[in-house]
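Before I ask anything, here is the structure I am working with.
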């Protein structure tokens, strides 16, 4: 039982992570893929933060009279990671906009068909 | 000039020649003069080393370390000397011939042709002088690559296909098998230097030695051991001087040269005969001899017939080496030289016929001897040498091989040689007979022709003469080859 | 949170999906506060719920609002995801428990910062000390990433492109064909 | 957008300055409580975006023309790297703030303040740039 | 000043990126980038000298000692990779101007070069750092900038290629982060050397095993190990020519370097290959990559795509070398890292020349080019021969060591497979050769002239390098063997 409570937190996070991961690889909509990526990454961040927690600790801001602080290092890492994540998202969305421009759709499978047509046209026009 | 410098010069001469030729591409006369001059210089450089090697000198040159503990090195020993002499001498003759042939047939891209030829020669000399197996391998591949443009010279679909087979077989055998064998040898022996007596003795089990030998024998695709012989007929699409290069001057010679070299200097004759006694090699080479002869007998295309004749003759060398008797090894070395002169004569004649009359099939040759007496006379001499009839050089080498086979009691080999000589006779002599004694077939589009261009005739006369002279004065090669045993 | 995530998987209105993502981020931020990561919570709220949502909405406006019709669960990705998840769950069995003060991370580098940062760096907010000084180089990298993204967006959909539109050379030839 | 209720404009006019002040507070208060350059940059950008939404992007563009946002973007990163390089020139390692002043603590303080400022500048520059680009794109599409 | 070189190596391009953004003028930006790349090359060379002379260099950023702060650690492998990256970068930049002017809209050129500088920063930063999390940050810098560079290709498929790369790359990075998180959870540190010392004690926990799995999968996504290679062919095919040349020669190489660092440094004290059967998995995948990718390459009509697949196969060779976990094998992997960078750069630069003149790089575009663009095609052929592994080219050296490593490990079937797969290379390389030299140019072909010297020169520097290092491999091999030795004995110490 103790194991269960001790690890329950992680399990939840893992389930969330996998939902995001599933969205990334299974969805055909380019925006939903990026949303999935966000869910995936945010869940990883939660995982990091939950390992920094210490029982009875407080936020790592030095205050008189408090002895136990949560570990600040994961916080720092995740701050960086969040920023990296949003940067990726911005870029991915910009790409989506361009793809919408070029292909007039943002569904992965439709794009694949259009790309195949491109390829055949390439062969066709030359031969 | 010190021997080291001479080696250096001999290696560099054809390379410099190639550069000069490409620079002179626009002025055809100058270009061909450069080719001839380069060939003559190369030959005189090679021959200047001859006395030294005959006295037992082994001049060597280390160029530099390529991989740690593995250098690019050159050493001149008798077998290499022999090969280098043949290649460099035949280059002169072949260049003469090429000039007539290429101009006579209005071939295009002649500059590329001469450049590649020079590079192929550079590689051949490097193979001949290679001091270790890796150096040999490097230039073995360089030879393959540099002859590829020659084989596909015509640029036609057929030439392309021929080139594919040529390159495909030669590269895949060398990378797939030979390369593996070399790396393995290096691991086992810790060296790749050609050492009299071999480098593998006592370093590996008999099984491994057996596998290695097989890797080497089949990996040296240029020796055209069946089933890796197909490239040679495929390469027949090339112009005749190229065929001469492939069959006589460089490529197949490099193959059998490597075979003999590997048997003598990597495995060691004595070591092989006491460990695994490679009978299978005898069988395969014997089979190649007979099978190729039979195919030759059934081919109507003259160049194809010659090509299969080459395949069978190459296996003589392999078989002779595999007999592992001193005399047969000597015969093997001699046969490299003898076959070179004989076969180049035959190819020159075939090209000469083509230049003059554009005939390619054996059945068209009736009565041609009267129009082209010099050509067909030389052809007859070459054919006799292939069969091994005195007074041609072919007799000498066959005699040594037979002698060796008798000494070691390899009656199977004796039988094969005798049967194949009969086969040789039956596919060469009818041509000679038809050329001189049958009446010419009158056909509507038959044009009146005489002999081929002058330089062509000179070239084939020279080689035919040498084929006979070698019978009377075999000493220059025998003295060299004797040092091997 | 799990509910939000699950509805994200199933939902087809992209607009709603973006909103859900915002909510998901906010929930994560709340969690961060619970787990003492106030700085992270602040950032997550600003970025995840703020910037990302705005960006997504902008993209939606530029593309489309609806996903295509529903698809059943796709087996291959499902298998991959299940395997990955199983591996992680398997790994958790050896993990230190949540909040366990005996976990290795509370005994090596972390405590050093808590003890020394006040004297070595100064600011009472340890996160700031670590972020800006001990691991200042990471933060430099982070700023560079932001810079990269901004320049990347400029390069991809920057305004100058619009003026160029009539010029077929700089335009995607694919698009022309599309219209033709 | 301009004909929206003017009450919105008045409220936001009142709101925007406090938001900017708050941004500055977050920027420099990072030492003591949660906050720092990154969050400040985002808030600052948010203020600007609010301004753009209420008063129109054209007006916003006048306030922050392309060259300005671009320079903002670049200068933050330059400032950050610059601090590192200056530390190197003063004989320390890259980003070694203790070279910046004689006293360890005040040197660190100075360094942190400067780089946080760099972070804030780049982040707000980046956010504003990205917003304006998306918006410009949007309007371009409407023009079509 | 020489003690500051490690920092300068990364900071210089980083510092110049915003400056490039402010300058904007394409010509000046190009000049600036060019100067920066050559300076980084000079720095990396002198760093390599230092490392060879006096061993591993460490550099504390911000003056904080590891593991509290972030530390640069540069050993022989790292220095070697730095030289590869910066050398390729500087040659590609020299080459870039004309190619970029043709392929990228004029008003975006300065943004493109800014991206290039950032990508270079990222790759150099990854190579030199001694901290697993910092590695992630720089990995993202290089990845984000390469997504953008790829998407600037002219074909609309460049966009989707970049998008897929972005998704796959981010998944890879996230996996990596999960792996790092798990390791951190069990050790409390992020410093590689520190991790290496703590690792043996906890190596048999499930957490660490999972961490290893996540790290490996994440990195393999980045280095396009079969079957995680799906993003690569399109990305290489539709990216601008110089980007393809640069990324093909550096990005996957740096990813391999990360793998080396993780497996042999961080997990250095552990017999990693025993865990999870990693050795067998990697070896099998590598062999699959060699065959599958080479076979697919044969059927491609677009030369860039063909060589993109060939890159996947070559990554297989590198991983195969590493998976032997012997000194020879490691050396083979490292030397092939270098050699493959050279030959692929040659080929892709050559294809860039073809694209400049012909507008495309399909096999049909190359008909009869052998006589019309003799220098370009000759350089491509040199690169191709090297791919096959013909002696006197760098490819031969790699193959020699790979085969030797396989034989030493008593895995002669693997040795056979290595040579067999290189036979596949003959087929696709020869398709190019036949097209260029044996096919006549189309009849309505416009006259084509050779590319300008500014492109030919870097191209031939690369081509000659692939011959030179094939003939005199002693120096590079000595470094590789040393590096292998260090890595096998834990590394970084």
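A, B, C, D and E label the chains in the order they appear, each numbered from 1.
Everything below uses one rule, namely that a residue touches a chain if its C-beta (ideal position, glycine included) is under 8 Å from a C-beta of that chain, and two chains touch if they have at least 3 such contacts.
Because the structure is predicted, anything quoted here is derived from the model rather than measured.
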item: Steps in the shortest chain-to-chain touch route ending at subunit E and beginning at subunit B; value: 1
Assembly fragments, subunit E aside and the remaining chains unmoved: A, C, D | B
item: Two chains sharing the most C-beta contacts; value: A-C
item: Most distant chain from subunit D by Cα centroid; value: B
item: Farthest chain (mean CA position) relative to subunit A; value: B
item: Intercentroid distance (Cα basis), subunit D paired with subunit A, Å; value: 25
item: Whole-Å gap separating subunit A and subunit E, where each centre is the average of the chain's CA atoms; value: 26
item: Interchain centroid distance [CA atoms averaged], subunit A/subunit B, Å; value: 67
item: Residues of subunit B engaged with two or more neighbouring chains; value: none
item: Touching two or more other chains - residue numbers and ranges from subunit A; value: 17, 21, 25, 51, 59, 61, 73-74, 77, 79-80, 83-84, 87-88, 90-91, 94-98, 102-103, 118
item: Touching two or more other chains - residues of subunit D; value: 32-34, 38, 70, 73-74, 77, 81, 84, 94-95, 97, 130, 133-134, 137
item: Every chain pair meeting the contact rule; value: A-C, A-D, A-E, B-E, C-D, C-E, D-E
item: In the complex, subunit D residues that touch subunit A; value: 32-34, 38, 130, 133-134, 137
item: In the complex with subunit C, residue positions of subunit E that touch it; value: 14, 17-18, 21, 61-62, 64, 67-70, 105, 107-108, 111-112, 114-115, 118, 121, 125, 133-134, 137-138, 140-141, 144-145, 147-148, 151-152, 154-157, 159, 178, 182, 184-190, 205-207, 209-211, 213-214
item: Contacting residues of subunit A [partner subunit E, same complex]; value: 17, 21, 24-25, 30, 33, 37, 40-41, 44, 47-48, 51, 73-74, 77, 80-81, 84, 87-88, 91-92, 95-96, 98-99, 102-103, 111, 115, 118, 122-123, 126-127
item: Subunit A residues touching subunit D - in the complex, by the definition given at the top; value: 59, 61, 79, 83, 90, 94, 97
item: Contacting residues of subunit E [partner subunit B, same complex]; value: 385, 388-392, 397, 399-400, 403-404, 407-408, 415-416, 419-420, 422-423, 426, 430, 434, 437-438, 440, 471-474, 477-478, 481
